[in-house]
């Protein structure tokens, strides 16, 4: 029983990181109606950027976000303008391929510069822990969770308290009407992609401290992130966050209760069951099925 | 009164045939011009041309003497021609206040935005009263009025309303048309496209009846409405 | 018009002859090996196109069916104690039938969704299959892999039966694709791709048609997966239910031309040898992935509809321009 | 005996009542007009009849059989075809192929029915010639003009020989010359045995073509009868010009 | 008519191929340079081991060339990446042999890839000395051309460790043991055998978990092990999970009396980089250690450091295993007086060969024979050293293990 509780706590803490990564992905979908299959690769890229700063300049990985998030934001804007914006016809299908190609390209470049050895970012807080009962929580999970809360909070503030945030939400809700009030939806899309990348960078740091990773780590990440955003309802930020927490808690509890081998499987089963009942996901708006 | 918008010999259509077959029309500054006509008469096509979404095949579109036929929708918006579309265009899960504020999205001057917000709040009490409610929770007529308020945030030179009465019950319709009227009284130039001829022409300073891509009747609103010809235009020649 | 048909037919016969005689022309096992994989992808891309290209429902999870077919055949052979040789090929259609049954269940569920959700649901199914292959250790051998009977053939001859098996499946796929494209069923699929609601309005039973296309497509992929497993002799969950296999067939179809008969063939003929060659020659420098992705981005950005539609459009435009100018010259 | 009988049909979208206890009767063998001001629920009635949206209440009977709960494809199979307000054709199929799509068979028979290259094809060519668009038989639907699309959509829906066809604004966005042709072809098709129910705003088109006109307003029938009678009904004019 | 034509054409094709088929390995004339082909995992799941293997192969090639080449043939190594994928590994060996016409081939990394690769190499008539495919299922292939160049089949890797544990005085001996292993043909057989032996020796199993090789978040698993509070922890790991488990144990302040991991701690700097001083006391089964005095090992270590830098502790066992493959082939070639693959195969099945991992011979399916076996290595003071059995031990085993720092 205690073990289940521990697993649940751990699930919430790691779920926070996935919530952050998934929020960027679902934001991109909401604004542009594209699935960014390259999101996992961008998380890994973010992890590598922090890894370099940590290894070569000895910068604390959390501090390095001051550099990596802006860099990734700019990169995101560039990627959007160069690769996503030109897609006109059939953008839903083509964007999957384009972002997949980007993922492969990033994987290749990372492999070229860093080889494909597994690396991990280390910091004093990745093994230091404090006790809760007879269970100990590592500081990195707490810090990571707090970081995710802070960034998610900032995103929500931006979305709900600033004019530009309003423009992003407006674009998500009704693209045509947004254009009507003079919102430059192309610009909004580019910025949204940038924000998605910045959150990927932040998620990448926590991922990089709590997991060993190599350039190929993105496949596993993206399959989870996609499951999370579909479960939450495509384009719903709230849904993505809640789904991430639910998924990771269920996964970790399954791991201790039944067996770790079935944990991932349960992850997908939950998705299938939810979709059977609610094809639009937990918080998705029902898309009109016909006409 | 000076001519604000002038259409001359306008011919336009999609792909195959032309829908507009030579339109001559002038919208005077300060007027409330109302275009009515049966569906398929070409009213929506006309609006698409004015807002820059459709390029005319022939003829000219001038706004304050400048030809705007070749301009992009954004450029036309920047010149002060703002449109409230036929379908609901509020952002449903944003508050009324957020919706209205977004109307001035392109305005950089914060003070100006605040002043306009205040003014719009005065003109449309509902915007203030229900400022923190989600747009989706408003009734159809209330949503229409919020859309007007949002459009006014840009202080448009010409405000185009596309079928504002669509889907509204008679009582709400009256409120909406009263609001339109008062906007005109407050000095806004309005171009109204309406299916409901009686409501539209009833308040219009200038009425226009279109049919099959042509202007069939025009004159002061109430006069056009009382023209016996209008029934025939709607229900077809005997 | 007649000339063109004859030319096309001759071209077809020539291509077929080269395909059939390839092992004689280039018998070394390096070449035949590449040929096995290339023809394998011709079949996979063609099969995927029957669903993805014709109906417009993009499945990124077909690798699941590939892997399932592979395991189905491997387990059949193991349970029945079939020895290596030509006999295992006889069980390939059984693997196909089993895959079809699975696809019917998966399809029934997945086809309740459209567009983006469908894409992700297919991915989820693929990973579920992969995890099942990993976790049902007593059946599949889990991560230790599943062994196929070792065929008795030696040397360069070894690849040849597999080449012809793959070729036969690719031809079956092409025949199915050709038949579907010309049948009322196929027209219904294309109609669904263009406008599903309109298709319903003219009586196309979209649900049944989509499911049928999905099942046909999956069954072909499953059979090819079976032969693949026999060819590499050892299969592991992560290598037969490999997202890369799933995405490769999609990329090939897009490169050649979505929804066309020959597009997938062309895409596979270009991409698979290129991929094997790039990986073989530039794999060590790891830049091959970058090259691969660059090729892709270029194709999608500059030829979003694929080679065959883009080329035929170009030809059609030329042809249209030629008589027009002639007509203009004589008033 | 009516071909299509709609009884007490209702449909609400959120709080808005689109169709309100509507009862209609469409006679066999005629061309019936369904008119009414914008937003009066005509298209919703079409969508309810053809199974695109589910009704809240009421029943729909076609040839004495209930159509309840049938999907659009099954409704078509029973013999009711429809067109859309903005002509919908399959843009990436050729005009000829567009005509070969419609199908009135179910199950395996639908799967294995060949697009009978000889018979059905020649039938499709005949249809194209009948509509005078045979010259674009091999052109992609997407490259056709709007008028050609309108004709093509009509031709396609006729291919499987439905008993009743619901036309949503056949004259919308069509130039006068073409309008004549459409009216003429509809008459011919009607003479050959197909009944039509037409939603249309072009009144002269409706009045000239229809044997009977039904007027709906706010989701229910307010008048019906011969075109002249309907035209002179003050309630109808009020509905149109607004109260 | 056309069908008949096609049949004839196809038949002719097959017949032609049958005549022309078969890749005879041509023996190069003396003194000409030869190429040895290897498929290694430079990308994908095994990409952390691939490069270490390459270092060992390269070092050997350099050595043999300094001595004038392999039987006088200057040696060039050709590496191709297999992306850690079975499709590519099958392609690679066929290409190496029939397209690049390499004279010899060496094995790739992991049992997983060795299996499909071995069948290809075998049917093309080449010898297949390989450093990293020692799972029982590899030998179940019954290939006469395969030679596993490690001191023992990997199934027995932990036997030395269990012997040591069971030899401890009864009052010190662990009472309970927790096991967790990747579902992989390399790791799981080792763990299962160890479990069987320890249970027979009276050590109670309190936790046994098999997890998918694809797992990336090992924390729940590690928590499970930690919560069992077992005295002995025996893990079937590769590098990433080997590190992750230890980190969680540190975080949980869980200090088992003994901890052994099947792979990871033997990977030198790749492992110690991540754990620093906390490597202290961790054990790993190893056939090789940098401090071993086996045949030529001191030279190997010295040359390695000269070429790649670092310290002896940084050298991965993979490199030593790669080097050993070269040594075995070199001796077999000398013995056979030829580098003809068939002759090498015949020769390798007889006699004993000296390697940096000690002496070894091969049975008819390539299982190593007569080797010194696999020992227990333990990190002590920043170096991995042999601690058991006493005959090879450079230090006393540290037991119970130090608490985490």
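Labels A, B, C, D and E are assigned to the chains in the order they are written; within every chain, residues are numbered from 1.
What we mean here is this: contacts are C-beta pairs under 8 Å (C-beta built on N, C-alpha and C of every residue); 3 or more make two chains touch, one makes a residue touch a chain.
What you see is a predicted model, and the numbers here were worked out from it, not measured in a lab.
The chain with its Cα centre farthest from the Cα centre of chain C is B. With centres defined by CA atoms alone, the chain at the far end from chain A is D. Chain pair with the larger contact count among A-C and B-D is A-C, by C-beta pairs in contact.
Chain centres here are Cα means. That of chain C falls 36 Å from that of chain E.
Averaged Cα coordinates give chain D a centre that lies 74 Å from the centre of chain E. Averaging Cα coordinates per chain places chain A and chain B 43 Å apart. The residues of chain E that reach two or more other chains are 42-43, 45, 183, 210, 212, 214, listed in rising order.
Across the assembly, chain A contributes residues 111, 115-116, 261, 264, 290-291 that each touch 2 or more other chains. Looking at chain B, no residue sits in touch with two or more other chains. Residues 56, 58, 60, 109, 112-117, 119-121, 123-125, 127-128, 131-132, 134-135, 197, 200, 243, 247, 250-251, 254, 258, 285-294, 296-297, 300-301, 304-305 of chain C are the ones touching chain A in the complex.
Those residues of chain A that touch chain C in the shared complex are 29, 33, 35, 83, 86-90, 92-94, 96-98, 100-105, 107-109, 111-112, 115-116, 219, 223, 226-227, 229-230, 234, 261-262, 264-265, 268-269, 271-272, 275-276, 279-281, 287, 289-291.
If you check the complex, the residues on chain A that touch chain E are 2-3, 6-7, 10, 14, 111, 115-118, 120, 122, 126-129, 135-136, 138, 210-217, 220, 251-252, 255-256, 259-261, 263-264. Across the complex, chain B is touched by residues 163, 166-167, 169-170, 173-174, 176-184 of chain A.
Of all residues in chain C, only 16-17, 20-24, 27-31, 33-34, 37, 131, 134-135, 137, 142-145, 147, 150, 153-160, 164, 231-236, 238-239, 242, 244, 276, 279-281, 283-284, 286, 288-289 touch chain E in the complex they form.
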